[in-house]
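Below are two complexes that have chain A in common, paired first with chain B and then with chain C.
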Partner chain A sequence: MTFASGYLLDVASGQAAEAEVLHEIGDKQILDWHTLWRPSLHQGLINLAANEGSRASPPQSVHWNWQEKANHPSQIWAEGFCVVCGGETQGMMLVNLVSQHARLPGQEGKHLVYVDYVETAPWNRARLHNPPRYRGVGALLMRAAIDKSFFEGYKGRVGLHSLPQSAAWYESKLNMTSLGEDPSKQNLPYFEMSTEQAIRITGRRSS
Partner chain B sequence: MSKRTMTLNLTDAEMAALESLCLKKDLNKTSVMRQALRLYQFVDQRVERGEKLFVEDEAKSSKAELVMI
Partner chain C sequence: MNLKYSKQWCLEMAQLEGDSEVSAGVRFLTQQQESLQQTPSDELPRGASVFGRYVNLMRRKGSLGIRELAKRADIEVSEVESIEAGIETPGPRAIYQLANVFSVEPTKLSKMAGLTRANDSEFDDRSLKFAASSNPNAELSEEERLALEAYVRYLTD
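Now for the complex of A and B:
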């Protein structure tokens, strides 16, 4: 089911490409993950080794299995989202609505949408395939997490533990607040978005 | 996502608890009830997988297992 629509940048043409954000990770997404993402990741790892040599560190999400992560249709505490463009799945995200609470001063202890996993298709990652096919997938997914937070009454609050390779993106592009490394989560850096930050990024009026 | 509506009958004490949670958590009544249901399923599924649920008070060094029935 369609949650929102938006635009990605088609890097080859420089044009905007219409994309849909779906509020599900369905059979089509799992099929795309098996038949498109995995071969693209394999080729991307070959490209990475050729470009960066033996010092190349693979994407930290390399072991993620979306079939295992998303195949729980009766679960109501976790929800999936995906971005579809050109008939193919361009990114997937799994959010958890109960496992974490806000930590930022001013919203500490309040409910938030916790982004458990978010990943863009391998062909959209410049380190693996240069040039990438589309830009803007992660931003569309994070926008969906913020909208979901408003919809649930969590007022835009979103939290996540970032893989170290992505940490700079959450801080510089999304303006999320870094709360440092979290020893309870393999020392991954934790980021949180406040209501004020969410209002700024979405252009909503504050209530 | 389609929604279905139901009527919920609560005692005065239960309604007071719901209203208190709404204030504390900054949520409306529907959101609190939906959150409670999600949390119930989350805990139930983990316990069903064989995991245990504990409450711990570090200051008093006490730890008790919660048993879901």
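Now for the complex of A and C:
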């Protein structure tokens, strides 16, 4: 089911490429993960070792298994999103509306969209494949999470636990508020987006 | 829903994203480990949240506005809003009044709201699965309607 239409930056050509955000992680995405993502990740790790040496730290999502994630019993209340461009899955995200609540001062306990997992295809990650194929996959997925939040009446509030390698994206570029490391989630840094931040990033006129 | 994200916004954000890593979520867990990591007390919707979704769906199923439901149940509009938002655990009177409107046993709604202890894992499982199926603002989808009907059957059996 199409959630939104947008664009990615095709790095090789420097042109915009039409993309779709789908409100599902379907069989096609799992097939892409098996047949495209995993071989690309394998090659990417070889590239990484060649570029950064054998002590290079691998992507912290290297062991993620999207087939397990999408079908895990704990995900009965999860909703999947993905970005498709050029007929291939460029990124996937699982969100849920019930497991977490807002933590920002003044917003404590309010509903938010919690991003359980988000990841882009290995060929879109510059550390693994340089240059990457597309840029902007993470932005489209975050935009979908924000719009989902507005649609649900949660006023754009979004929360997530970032992998440490990704913290700069959420804090410095999306300007989400860092609420520190969370001992209940492997000490991952927790970030939250307020209504005001969501409006600023999306250009919405109001909530 | 088919939103349109402008080319300008997408390309500006793509430039902003650059070569950033954008992953989020817990690390290095197998499925079995993830199961063990799940701590029901803080991961699962409970009490007010489940009850709020139930009230929201039942109201929409009956094509009732919040004011109309508040009037029929003889409770405050603000209380219905708080209940649906999962902000407020409903009091015994509100539960009783809403049970009458929805033709459900008050004791079952009381369990759902967490006022009385369920002591019934099946009740919990069904409540959680039901809570996961709803979408507070949209019209009832076929999936939501089926989930609600199954849940109501369970509550009224």
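By our rule, the second predicted complex is superposed on the first by the 201 of 207 C-alpha atoms of A that agree within 3 Å, B and C clash if a C-alpha of one lies under 4 Å from a C-alpha of the other, contacts with A are read in each partner's own complex, and residues count from 1 in each chain.
Assume a residue touches a chain if its C-beta (ideal position, glycine included) is under 8 Å from a C-beta of that chain, and two chains touch if they have at least 3 such contacts.
Just so it is clear, the model here is predicted, and its values are computed rather than measured.
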item: Three-chain arrangement built on chain A, chain B and chain C clash or fit; value: clash
item: First, second, both or neither for A:His111, with chain B first and chain C second; value: both
item: Which superposed partner A:Phe81 touches (first chain B, second chain C, both, neither); value: neither
item: First, second, both or neither for A:Lys155, with chain B first and chain C second; value: first
item: Dominant toucher of chain A (residue count), chain B or chain C; value: C
item: Contacts of A:Trp123 with chain B and chain C, given as first, second, both or neither; value: neither
item: Chain B versus chain C as contact partner of A:His23, first or second or both or neither; value: both
item: First (chain B), second (chain C), both or neither touched by A:Val98; value: both
item: Touching partner for A:Asn65 - first (chain B), second (chain C), both, neither; value: second
item: A:Ala168 touches, of chain B and chain C: first, second, both or neither?; value: second
item: Among 5-13, 23-31 or 131-139 on chain C, the segment whose C-alpha atoms clash with chain B after superposition; value: 131-139
item: Set of chain A residues, in rising order, touched by both chain B and chain C; value: 23, 76-77, 98-99, 110-111, 152-153
item: List of chain A residues in touch with chain B within their complex; value: 1, 23, 75-77, 97-99, 110-111, 152-155
item: Chain A-facing residues of chain B, complex; value: 1, 25-28, 31, 34-35, 37-39, 41-42, 45
item: Contacting residues of chain A [partner chain C, same complex]; value: 2-9, 16, 19, 21, 23, 59-61, 63-65, 68, 72-74, 76-77, 91, 94, 96, 98-99, 109-111, 115-120, 125-127, 132, 134-143, 147, 151-153, 160-163, 165-166, 168-170, 173, 184-186, 188, 202-203
item: Complex contacts: residues of chain C adjacent to chain A; value: 1-5, 7, 9-11, 13-31, 34-35, 38-39, 42-45, 49, 85-87, 128-129, 131-133, 135-138
